[in-house]
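Residue numbering begins at 1 within each chain, and the chains themselves are lettered A, B, C and D in the order written.
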Amino acid sequence: MGQKSKQFGSFRESVADIPDGSTIGFGGFAMPGVPFNLIKALMEQGAKRLTLVGNTTGGAQQPRMPDMGMLVENGQVAKVICAFTAATRPTDVLPFTKYYESGEVEAELVPQGTLAERMRSAGAGVPAFYTPTAVGTELAEGRETRVINGREYLLEYALKLDYAFIRARTADSFGNLRFHRAQRNFCPVMATAATCTIVEVDEPILPAGAIDPDDVHTSGIFVHRLIQVPAEPDGLWPTKRQERRR
Amino acid sequence: MSETKGLTRQQMADRMALEFQDGWIVNLGVGIPTMCSNTDTGDRDFTYHSENGVIGYGGVASPEEEDLLLVNAGGQNVTLKPGASVVHHADSFAIIRGGHIDVTVMGAYQVSMTGDFANWKLKGQKGGGIGGAMDLAACAKRVFIILEHVTRAGGPRLVTACDLPVTARGVVKLVSTNYGLFEPTGDGFLLREIAPGLTVDEIRATTGGKLTVADGLKTVQLSR
Amino acid sequence: MGQKSKQFGSFRESVADIPDGSTIGFGGFAMPGVPFNLIKALMEQGAKRLTLVGNTTGGAQQPRMPDMGMLVENGQVAKVICAFTAATRPTDVLPFTKYYESGEVEAELVPQGTLAERMRSAGAGVPAFYTPTAVGTELAEGRETRVINGREYLLEYALKLDYAFIRARTADSFGNLRFHRAQRNFCPVMATAATCTIVEVDEPILPAGAIDPDDVHTSGIFVHRLIQVPAEPDGLWPTKRQERRR
Amino acid sequence: MSETKGLTRQQMADRMALEFQDGWIVNLGVGIPTMCSNTDTGDRDFTYHSENGVIGYGGVASPEEEDLLLVNAGGQNVTLKPGASVVHHADSFAIIRGGHIDVTVMGAYQVSMTGDFANWKLKGQKGGGIGGAMDLAACAKRVFIILEHVTRAGGPRLVTACDLPVTARGVVKLVSTNYGLFEPTGDGFLLREIAPGLTVDEIRATTGGKLTVADGLKTVQLSR
């Protein structure tokens, strides 16, 4: 279903052409689904003035793995769009905080479900939708609302991505993907919202047709580049989190 | 359909299919557009998407291959190509509405010189058959139309303005008829290629709006 | 994950409490996914003044199996909401047409993708969304549109269902479903939009946990009643369509 | 957290969990709310939903059971119950926004007598941690809050009006604190059950708005 191979030989090559100023979505929720290897490659590649989209800037957990916050610390980021600019527990201070407070980096704080739906809408050709989320809060101040059937809703706009960086368990050569358990999270949604979706894959890439059509989580029509993650230490893999101290 | 001049139905589809580029995601409407999948496009290979959520279907199934629960948008039992997948209807139309379809090929009653077209409702009909046509028409990257050049009564189908209710406005990029290959230009149609045995004058007489002719007008090349 | 069984012993019992005036969605696109047995049971049950939602009123194909149009012919229907009130080819006259033209039954004609998205929105708590589909057509006359980023869009509202009638290949006792190939179509979407989802299932109902969590198409949280389809002739199964004559 | 009067954190969670009805779909926030899953609710059984799309998770995984790619919303490695399934983030929040969650239990800094609550941003903070809280708060069928009854400085957390930025307005149905079980009433709070060792006067002195007391006030029954 097309002659061009989607398989790339290295993470470096797979991110080489990403220009300054790109908007990039990063899959992942806690460890599962985070594209550690692509983030590392992007830090080496050095693109600047990026807009990053993801659940959180990261950095609150140990051991720390490559996250959006590291790109901030690396001076590559103009803006982040995420559901947390601070950690869930106020006593955890994120590395991101000082860059945000100093004004070095801009942030747009979006409720997690609205964030997911804005990207889903971008992929689905819906330019705007109404949601009850955040009505009556600081986030709705000065924004357009509308009463439908007696309830107040906030207007939210689609959020398109230039690139999506995601991680999957299994892929075939056409780019069909399967995720394992909570690895799925934002990954399939970002794939639909992005002009170019780059996937780091846990397992060796299978021939097209090896995944039953009923079992595909993300169709290859949304996937543009595939790279298999090598074994450690060459590849970065999820690790067990250290227990928090109380 | 009555005997017509110029290209056969399969030839009209063949000419259209030659426009597809390798790797395109293609949605084919029922009728003549479906025949595009029979065209030999050499090294170029496509992913066929169907409104009911089948991505990557292949040819019509032989009796041995037949799966009663695997149909394309025309309700034909089809096969799957390696790399196929299935999604539900909302996700299938998210693919369409999201602009992920490289080309949709549809039949129509009329195409206007401004790129409007009509294919869901006859004159005086109450209701109609929209199906996925309005979503595809409004949202695919390219809308290509295949139709017979003239009505049974001999009137034009390439018209200055549609007098039937339109499916979408200003979207048609290319039209394949039994008389040739055309592009709506806003104030008429550009004849890009002419069918063997037709003359420009015959075409001009049966086409709405101004007919312009491509420099060095070529004849449609037929492989069958 | 709850003590109450979702399994019903008969189609009759599974539709017994459906009141007059209900809005019911019917899965299916061509043969796959159509809940033939539930439609038959509803014809016997006799609820009146129903609003039916589905792709088409049916009846153009041979052999004719239970479809929305039969409920119309049975005098049970006030309104249909669908993507076809006429067949794709104008020469096929649907049985529905005479009821519609006489004004006995009302119809709301909705583009197929808008229909699916309106139900998805109902299930997803989105009361309204914008779409480019049908802009500039007869369907948009007198309706609210809005220009976003230079393009005109139509405002569409969520479409909730009281009941969804769907068909699946596999189910477990919690109600998790899997569909086979094109059987999926509207079924998962309608399940999310309905207050009560009733499923006819091809295969014997499995114990909870028999379907891998990564392979579930519709979560049991959207499913309320399950009935296994008996073998023919007691159960109605898809059959091969007759070839059309040209 | 400092030593407090009345119920322990687990007891506050236990009391709340006893409100859940058989078959409910339950979303538990990080911290004390998660402890609701430890409560013995007898024959009643629930489906736990997590924002990241895990439907039907079970307890925290033992080292042998641990799957690094299976976490709940708090990032804990969990197990799955029979009947579990996984969806992506947009579908997971479609479940939330669509009103399919029977109850969400969250922690908070403040709850007001009109049912507003605040849990995403501290005073003077730039930005904050919203996560899925605003979606859950606005859309779950019931919002239950668990919090310590007084601040470290001894001030009330059940207040006449939140002075922190709110997460949602008018949504809180029930509050479990170490002092007892409360319902916001619009102009104050209804004390439904009192914790052992507390007096109504102590509670009144540390609660914003009017405190009303349920007829035949019961003491919170503790199983541990």
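Just so we're on the same page, a contact is a pair of C-beta atoms (placed from the backbone, for glycine too) under 8 Å apart; a residue touches a chain by one contact, two chains touch by 3 or more.
As the structure is a computational prediction, the values presented were derived from the model and not from experiment.
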Which other chains touch chain A while also touching chain B? C
Farthest chain from chain A, comparing Cα centres? B
What whole-number Å value describes the gap between the mean CA coordinates of chain C and chain D? 37
Chain B-chain C separation of Cα centroids, rounded to whole Å: 29
Where does chain A touch two or more other chains at once, residue-wise? 117, 120, 124-126, 131-132, 179-181, 213-214, 217
I need the residues of chain B touching at least two other chains; which ones are they? 86-87, 93-94, 96-97, 139
Which of line, ring, star, complete and other names the graph you get from chains that touch? other
Tell me, which pairs of chains are in touch? A-B, A-C, A-D, B-C, C-D
How about chain A: which of its residues touch chain C in the complex? 117, 121, 124-132, 146, 148-149, 151, 153, 157, 178-181, 213-215, 217
Spell out the part of chain B that touches chain A in their complex, as residue ranges. 22-25, 43-47, 49, 55-56, 80-87, 93-100, 139
In the complex with chain D, residue positions of chain A that touch it: 29-33, 55, 61, 83-90, 100-101, 107, 109-114, 116-117, 119-120, 131-139, 169, 179-189, 217, 238-241
Which stretch or stretches of chain A touch chain B in the complex? 1-4, 120, 122-126, 172-174, 176, 192, 207-209, 211, 213-214, 216, 219-222
Where on chain D is chain A touching in the complex? 30-31, 50-54, 66-71, 74-75, 77, 86-90, 92-94, 96-97, 116, 121-122, 125-135, 138-139, 165-170
